[in-house]
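One chain, chain A, links the two complexes that follow: it is found with chain B in the first and with chain C in the second.
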Partner chain A sequence: MEHAVREEQGKLVVSFQGEVDLEHSPKAREVLLGAVKKKQDVLVDLSEVSYIDSSGVASLVEAFQSSKKAGSSFGLVSVNPAALRVLELARLDRVFTIHSTLAEGLGGGS
Partner chain B sequence: MASFHGLEQRPDVTAQIQRARALTEVRVPTEVRASSDTPKLDVDGTHSLEDAFELLAEMTQDFASSMDLDATLEKALASVAGHLDAEAGSLWLLDLEAEQISCRACVGPNPIVGMTLGMTQGIVGRSVMENACQSVFDVSKDPAFSSKADDESGMVTRSLLCAPMSFSGRKIGAIELINKKSDDGHFAQKDVHPLQVLASSAALAIANNRMAASLVDAQRVRRELELAAEIQRNLLPRARPDPFPIQGMNIPARTVSGDFFDILPVDGGLAFCLGDVSGKGINAALLMAKTASLYRCLAKTVSRPGDLLRQLNDEICETATRGMFVTMSAGVYDPRTGLVCLANAGHEPAVCHAEGGFTTFDAEAPPLGIVPEGDFPETELDMRGGSLYIFSDGLTEAADESGDQLGREGLERLVCDFEGVALAERVSAIVESVSMLDLRDDLTLLAVSDEHARAERGGGA
Partner chain C sequence: MSGDPNGEYVIEVENLVTHYGDRQILKNVNLRIRRGEIMVIMGGSGSGKTTLLRHLMALEKATSGSIKLLGSDVTQLNEIELYAMCRKIGVSFQGGALLSSLTVGENITLPLREHTDLDQTVMDIMARMKLEVVNLAGFENLMPSELSGGMLKRAALARAIITDPALLFCDEPSAGLDPVVSSALDELILRLRDAMDMTIVVVTHELDSAFRIADRITVLDQGAILTVGTVEEVKNSDNERIQNLLNRKFEVEEPDPEEYLARLMGHT
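What follows is the complex of A and B.
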């Protein structure tokens, strides 16, 4: 799993590539919590994530819960179809705000 | 002392000497650092090399045969100090986390075992950090010298010889000899070899000892995990023989499981559930134990699965940590009517096999432990003499040699293969077939069958 963090229009965009599984989710957690700690709005780009397991989803959940406490927003953007299927099946699309594109997440419409 | 020729006639000792020579040869390039005013050292090492071989043979034997590392280190230190005619000697171990070195063994008039120095403090600290031998003729002229040990022991250090200990490139510590009693009070170049030899075998013995200690630790953790697994197994309901209409099976991917299921009689029928905690390992197992216990407690008084999941969700949300959550299907089956009332919190869709066809029931709410005060809609299904299968994703994600996952279609094929087989036998046959594949996660299957109850109700085939 690779990751990158950049700032766009005042929001932190965290992107992951590859598999966010049991082996890599501690790193994903560290990156996500680090981003949320900055008290900025966070968008997580999952377009290059081919597989996410429950430990990876738990990292997203924890970051989402932390952002709620911090009063900042947390959204997922461009979720890869395989990962989206996992999220939808578990009805996590009712928990996370999911934007179909980065532009939409940044507030510029889809 | 045995002569070199005498030793060569004994093959075991010869091999040992060859190993020692290799060890010593590796060590020879190690930098010997000396104070600027140290007199030129005697570089004729032949005699000390022979001594070193004998010392090594003795020390290797001691290190290999003794389980008491401290006693062996002290004995080896005493023999090398005696051999090199030093007044005192000490062995120091590095603690990188605490950034300290501490005295683990010593010989001499006043013991300083347990004394600590900063890891870069003193000539011994320099030897450890630079991984280089140190030979100092007059310590009063070396600014690196720390008098802390002298203050504690009451000794006066004049000259000093120090060799670092390392293993596989990792710094372990150093051995220090103090005050040569003969030869004008100076340690010579030929004294370096025996000390290096001791340092090498002591480093090996210490590394072995640490490895053995971590093995003991790993065994203890393993025993504790096995105990935890036993307690977990007892949280699952006991198997009831056919024709009992609900059967379940759980196979953990590791020692402990993050999956669970339960079956218990309640007013209005039989309550059942299957849960899967996010992640794996002991943290998932602990949340599994908590959720399973809460379920059992709540199911006795809360009859509707949707209400039960709502209460369970609120309880788990209160103490949730690290984003962990539980996907769970819970239901109540009434054998008198053949109806199942089902609620699904983010879990894999349940599959109903009735009258030759399959119907799936998707989750209508997110998993437990994420958002409190949620709503968990219920679905009512008429079993019509069929069977309902609820399973964890460990079953559908089991993969064959080429990595192809079983999937829901694979499960449906297995259900058809074992159609007509009594339920308990069918569940174990399906689980056994799936177990032949590569399991990446805990595997749990629960099945509710209306076949027997329908026959008793007198329903048509």
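What follows is the complex of A and C.
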């Protein structure tokens, strides 16, 4: 799994590439919680994620909760169909704000 | 269905033979299951279906033959390799097999504590997510003794899927449940397959359940495969033993008098 963090239009965009699985989710969690700590709005770009398992999704949930406590927004971008099915199974598609594109996430708020 | 008819095989059993002592339990079993497929294994009592499932879980030692799971022959793996394989396999045992001294949540996260070094917060969120999936939200702090039979089975399923396994093995998941609860459990198994692309092997003697969930059914009889086919193929089979199984007729074989006497005397 690779990751990158950049700032765009005042928001932190966290991008992951590859598989966010049991092996890599601890690193993903560290990156996400680190981004949330900066008390900026966060967008997590999942467009390059080929697979995300429950540990990856749980890390997203934890970061989302932390961002709410910090008063920041937290959104997901470009969730692929396989990842969306995992979110839907646990009814998390109703919890997260999901943007279909990064432009939408940057423009519309979350 | 899923189980793409052209998809890759993730379970391949070849020429599997097993003995318990002198007794042959499985007789040259050959079976291949595709990714995303739900395979139901049926058979009468003593047909070898549970033994076959235990082999697929790598819990039994074969006399001969091979069992490939996700491309690896589990009969040839060393302990470390088997341990790694366990992360890719989820097992829902008959009766649940939850540890009575642990809460439901602790039971569910047990495989994570054994196989990963995830943060406790992440494990707890994962457990609650899986409890949501099996419709047991909010039950994580209860003890297993506080759950009904159907709830125990669902909790066991939550534990079986906690690592998002590629392969899920269920032993009699709906046995002893009332029809409504049983049907809900079947729906859950179908949803798991569809959402997580799991390959699922279910051993059951519940016909209604088997017909609801199976992409294909394997019928075992006296340790050998009678047939492997779709629900319709099995239902329409003209094999008398299969029809007896479907019609719940038990065949009582005429015993050989000498063997019978020896059996009664405990000499076999």
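Basically, the second predicted complex is superposed on the first by the 107 of 110 C-alpha atoms of A that agree within 3 Å, B and C clash if a C-alpha of one lies under 4 Å from a C-alpha of the other, contacts with A are read in each partner's own complex, and residues count from 1 in each chain.
Definition applied: a contact is a pair of C-beta atoms (placed from the backbone, for glycine too) under 8 Å apart; a residue touches a chain by one contact, two chains touch by 3 or more.
The structure presented is a predicted model; accordingly, all values stated were derived computationally and were not measured.
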First (chain B), second (chain C), both or neither touched by A:Gln9: neither
Chain B versus chain C as contact partner of A:Ser54, first or second or both or neither: both
Which of chain B and chain C A:Pro26 touches, first, second, both or neither: second
First, second, both or neither for A:Arg91, with chain B first and chain C second: both
Touched partner set for A:Ser100, first chain B, second chain C, both or neither: neither
Partner chain(s) touched by A:Ala63 [first = chain B, second = chain C, both, neither]: first
Which of chain B and chain C A:Ala82 touches, first, second, both or neither: second
Doubly contacted residues of chain A, that is, touched by chain B and again by chain C: 22, 25, 29, 54-55, 57-59, 61-62, 89-92
Chain A residues within the chain C interface of the complex: 21-22, 25-26, 29, 53-55, 57-59, 61-62, 82, 85-86, 88-92
Parts of chain C lying in touch with chain A, wherever the complex brings them together: 87, 115-119, 121-123, 125-126, 129-130, 132-133, 162-164, 191-192, 194-197
Chain A contact footprint on chain B (complex, rising order): 276-280, 320, 322-325, 327, 346-349, 362-367, 370-371
In the complex with chain B, residue positions of chain A that touch it: 22, 25, 29, 54-55, 57-65, 89-92, 94-95
